[in-house]
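Chain naming follows the written order as A, B, C and D, and within any one chain the residues start at number 1.
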Amino acid sequence: MKLELNEAQKWIELFVEKLEANKSELNELDTAIGDGDHGTNMDRGAKAITESFAKKAPENVSDLYKATAFAMIQKVGGASGPLYGTAFLDMSKAVKSENIELADLIQIGADGIKRRGESDIKMKTMIDVWQPIADAMKQDNFDKSVVEDALDSTKDMVATKGRASYLEEKSKGHLDPGSQSSAYLFESLVDVLGENS
Amino acid sequence: MKLELNEAQKWIELFVEKLEANKSELNELDTAIGDGDHGTNMDRGAKAITESFAKKAPENVSDLYKATAFAMIQKVGGASGPLYGTAFLDMSKAVKSENIELADLIQIGADGIKRRGESDIKMKTMIDVWQPIADAMKQDNFDKSVVEDALDSTKDMVATKGRASYLEEKSKGHLDPGSQSSAYLFESLVDVLGENS
Amino acid sequence: MKKIINNVEDIVPEMISGLVKTNSDLVKQIEDTTAVVRNDKKFSENKQVGVVSGGGSGHEPLHAGFVGDGMLSAAVAGEVFTSPTPDQIYEAINAVDQGLGVLLIVKNYSGDVMNFDMAKEMAEADDIKIATIVVDDDISVKNSEFTQGKRGVAGTALVEKIVGAAARSGMNLDDLAKLGQSVIDNTKTIGIALHAATVPAVGHPGFELKDDEIEYGIGIHNERGYSVEKIQHAKELAHELIEKIMKEFDDKSGKFAVLINGMGGTPLMEQYIFANNVLDELQSDGIDVGFSKVGNLVTSLDMQGISLTIMKADDDWISKLKEPVTTIGW
Amino acid sequence: MKKIINNVEDIVPEMISGLVKTNSDLVKQIEDTTAVVRNDKKFSENKQVGVVSGGGSGHEPLHAGFVGDGMLSAAVAGEVFTSPTPDQIYEAINAVDQGLGVLLIVKNYSGDVMNFDMAKEMAEADDIKIATIVVDDDISVKNSEFTQGKRGVAGTALVEKIVGAAARSGMNLDDLAKLGQSVIDNTKTIGIALHAATVPAVGHPGFELKDDEIEYGIGIHNERGYSVEKIQHAKELAHELIEKIMKEFDDKSGKFAVLINGMGGTPLMEQYIFANNVLDELQSDGIDVGFSKVGNLVTSLDMQGISLTIMKADDDWISKLKEPVTTIGW
C-alpha cells in the first residue's frame, strides 16, 4: 500500500485539524506528567504546516513530508519538534524510492524518532504508538482499535525517557502526551485509508 | 488629682497588658485602613517597657514616663513610636513640676503628639482620643464612657493624617487603630483611678 | 500564609544578616542595629557628603541593596512596613559622616518623616550638618494640605541613584538637597496590584482581589488604590498608566527616564512585556526616553504587581542614572 | 490566571523585545529570531570562543540576562518551558563565531539536547567548530541509565559565569568544554516550591499544594519533586537541603560556592533569611564558603520557592565567579 499525494496531504491536514481541536487536552496530559505545553507546541506546528502548504503546495509526497518536517523542526521546539521533524524528514527521503510500502515508511519514521531520542519501546514515549502501528501495518491489520490499544498501553508504563521520567513510579496512571498526539496522527491515517477502501 | 509612682506604674503596666492581649485586634484595624502593623508595633513597645522597668525600677513618676517614652522611641518605629514617645517625654519633663494636675499632664501629652505629627483633632488620629479625654478630665467627668465615645467618634471621620488619609472618603466606617491603642491607655487609667476612688 | 522564615520577630535582623554575609565586600552591619554601611575601600579613601536612606523593610532591594560607591552610604531597615527608630538612623548618620554633612532621603510617610526628624535633631546636637529630602512620587494620591501628601514609592530608587552619583562626584550638602528636591519634583509613579502583599505578622493578604481583577493606584504597603477593574492586556495597562502620568508633565519635550518596577511576586517576563508596551507607546507619542530600567527595585513583600515611574530628566541626570555603580540591587 | 501579558502566543517575542529595548547598550536581537547577542563594543574588538546558551522561556533572567562581556555571547529563547528550535540556535551560533569555535551550554532536557544537537549538525556543516556541555545539577532526580538523567537547574548560572569568564580570558574551545564539564560535575542543586508556576497557555498552577505544604525536589518546569511535607522554619529547610547536597561530595575540604536562588514569586526578604540559615549551618559544619550569591537567577515563571546550589570550587573558579561582569541579570 502507498499513499498518493492527495491522500497524504489529506492525512496531514486531518492531523492538523485534530491537533488544533485538542490543544488543551494535550496541554492537560502534559501538565500531569510533563510541563504542560505539548498541546501548545503541536498547535504551533499545526499552524506552521498549514501556512507552509498555503505558501507553496507540495508537488509530491516527498515534498509534503519535507514541508511537514521543516514546519515541525522550525516552529515546535521542545522534545516533540525534533522528534516529529526527524520522523518526517527521514520519511521524506525514503519515499523518494518508488517502491516503498507505507508500513515500511512508518517504520522508518519510528526509527528516526528512536535515533533522535535515543529511545525505544516501553519507555512511555510516542514510540509506543509508532512501533505497534508499524508492526500492525506490516501484518495488514491496522485500524483504530490498534491505535487506541497502543495509546492505552502507555498509561501503565513507567516513563524512562522525556520529562515524565523524573516522576519515576508516579508517571504511572497517565497517558503519555506525545503518544496521544501520535494517536491523532494515526487515527487521521485510518480515516484517509478508510475513505479509500 | 495626681498619680503616685505606684499608681502611675500600675497604669502603664495595665496598658502593657492590654496591648499584648489585643495585638491582633490592633493589626486587623490597621490592615483595614493602614498597613497592618500597629498591633505588632505597640506589642514591641509593650515588651520594651516591661524590660526597661525590670532592668531598672523607675524611681519617680518622671523617670517612669521617661522610661516609657524611651522604650517607645527606640523600639516601636512607625508613626506610633515617635508619637507616644514624644507624648510621654513631654509628660516626663512636665511632671517634674510638683503642682501639675493629671488633666494638664494629659493635655501636654496631647500637645506633644500634635507637634510631632503636625496634626490636630478631627483628623482621625489618636489625638481624637487624647484631646477629648484631656477635656473631660479638666471638667472632672472622666470615665470609660468618655473613652468609648472618643474612640467611636473616629469611626465616621475621614482621615487627613497618617496612612489612612490615602483612602480619603474610604477611610470612613473604620476605627482608627492609634485611637484604639490610646483607648487602651485611658481605659487602664480609669481602672487605676477607679481602684482609688 | 506560607513564607520561608523563622520567627516573625526575627525577620528583619535575619534578613540583614543574610544580606551582609553574602555581600561582605560591599556592606557591613552597624553593630546592634539593622543598618548597613558601605564596606568598600573607596568609602574611607574618598571623602564625600554621606547619603543615608531607610524605612520599613519589605521593599528589598531598597534600601540596603542600594548601598555602595555612587549610591547610598548607609541604609537603615525598620521592621516590616514600619519606619526604623531614631536611634538606628542616628547610628547610621554617625557611621557615614566625614565632616561634610549627611543627606537623609526619606519616603513620605508620617512614621518615616517623624523618626528621621528625631534622628536629625539628635545628630544636629552633635554638630553634624543634616539636610533632608522627602520623596513623594506616587501621583495616585492627591496632594493637598488636608492630607499626608503623596507617598514615596518606586521613584525613590531613581532619586537615590542620581543623588548618590552627585555625592560621589563631590557635590556639597546644600546643592545635593536642591538637586534631590528637583529630581523628586520631576518624578511620577503609579502602581497596580494583581494580588496584595501578606505582612508576616498579619498572616493574610492586605486586601482581596477577584481572579480577574486588578487594583490601580496601590501603595507599597498594601494601601488601597483609586479603582478596582477587570484585568486588561499589558498594552492597555501601559496606556492607562502612561496617560495618567504624562498629564502631570506640562512640558513633554526633552529627555525622560523610565522605570518599570516589579512588586516582588511578579516575574521578569511580565515586567519586560509591560516595558515593551510602555516604550512603544512613549515612542509613538514622541517622548524621548534617554534611560530605561526594568526589575524588582522597590517591592512590597510578595505583592504581585508592577509600577511605572516616569521622570523628566536633563542630560546630566540621564548620565548619572547610567553611571556604573557597585551595589547589590541596582 | 492573572498575568501582565497580551496574547499568550506573543509572550516570548514581546518579552525579548522589552528586554532589548531597555538594554540596547548591552544586547541586540538577532533578526527574525528571539535570540539576543552581545552589543557592547568589546564584543567585536576582542576575539574569543563564542559561548551560546538557551532554552525554554520562563526562567528569566536566565539566559538572555546573562549575555555580556565575561559571560554569554548569545542566548536563544524558546517558547515558555519549550526548547528553542534548531534554526534559531544556528543563527545565534553564526552571530557569535569569530573563527575560534562556539561552546553550547545546554540544560539536560530531551528537547534542549535534541534541538541543540540538530543546530550543532547544521553549524558543523558550515565548518564551525562546536562543543557542547550539558548541565545536570539537580540531584533530586536519580541519575541512572534508565532515565533521562538529572535536570539542569539553577547551577546553570554558575556554569555560565565561570565558563564565560574563562572564554573572555582566551581559553580555547576544547579546554573550555573540559572546564565546563568539570564545573558541572562539582555543582549540585535542590529546589523547593511553596506554590507551583502557572504556564500561561495552561492557565492554572502545574500542581496544587495545601496552605501549609511545600514540595521538595521540584524542577524549574513544575516537575514534581520527591516529597510533599508540612512547611518548616527556614532553618530546618536549610538543614534538609544542605544535608542532601553535602552527601554528594566525598571531599568536604577546600572551597565551596553557594547560590541561593529565588524561583520568581519569592521575595528577596525570604531569600536572605534562608541564606542566613544556610551560611550559618555551613560555617558550623566547617565548610569554607569562598563565594555566595542570592537572587532570582534561574526562575520558574511565578513559582514561589527557592533552590540551593553548592559547588565544590577551587580558587580559580571562585575568582571567576567574583569577576565583575556587565549583564542585565547577574
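Here is the rule we use: a residue touches a chain if its C-beta (ideal position, glycine included) is under 8 Å from a C-beta of that chain, and two chains touch if they have at least 3 such contacts.
Small disclaimer: the values here were computed from a predicted structure and weren't measured.
Among the remaining chains, none touches chain A as well as chain D.
Shared contact partners of chain A and chain B: not a single chain qualifies.
Here the CA centre of chain B is 31 Å from the CA centre of chain C. Look at where the CA atoms of chain A average out and do the same for chain C: the two points lie 53 Å apart.
If you average the Cα atoms of chain C and of chain D, the two centres end up 29 Å apart. The residues of chain C never reach two or more other chains; the list is empty. All chain pairs in contact, by the document's touch criterion: A-D, B-C, C-D.
If you check the complex, the residues on chain B that touch chain C are 27-28, 31, 34-37, 39-41, 44, 73-83, 116-117, 160-163, 165-168, 170.
Every residue of chain D that touches chain C in the complex is listed here, in rising order: 2-7, 11, 14-19, 21-22, 57-58, 60-61, 65, 194-195, 211-212, 214, 231, 233-235, 237, 260, 264-277, 279, 292-294, 296, 299, 301-302, 304, 306, 324, 326, 329. For chain C in complex with chain B, the touching residues are 56, 78-87, 109-111, 114-115, 117-118, 141-142, 146-148, 151, 199, 201-202, 206, 219, 221-224.
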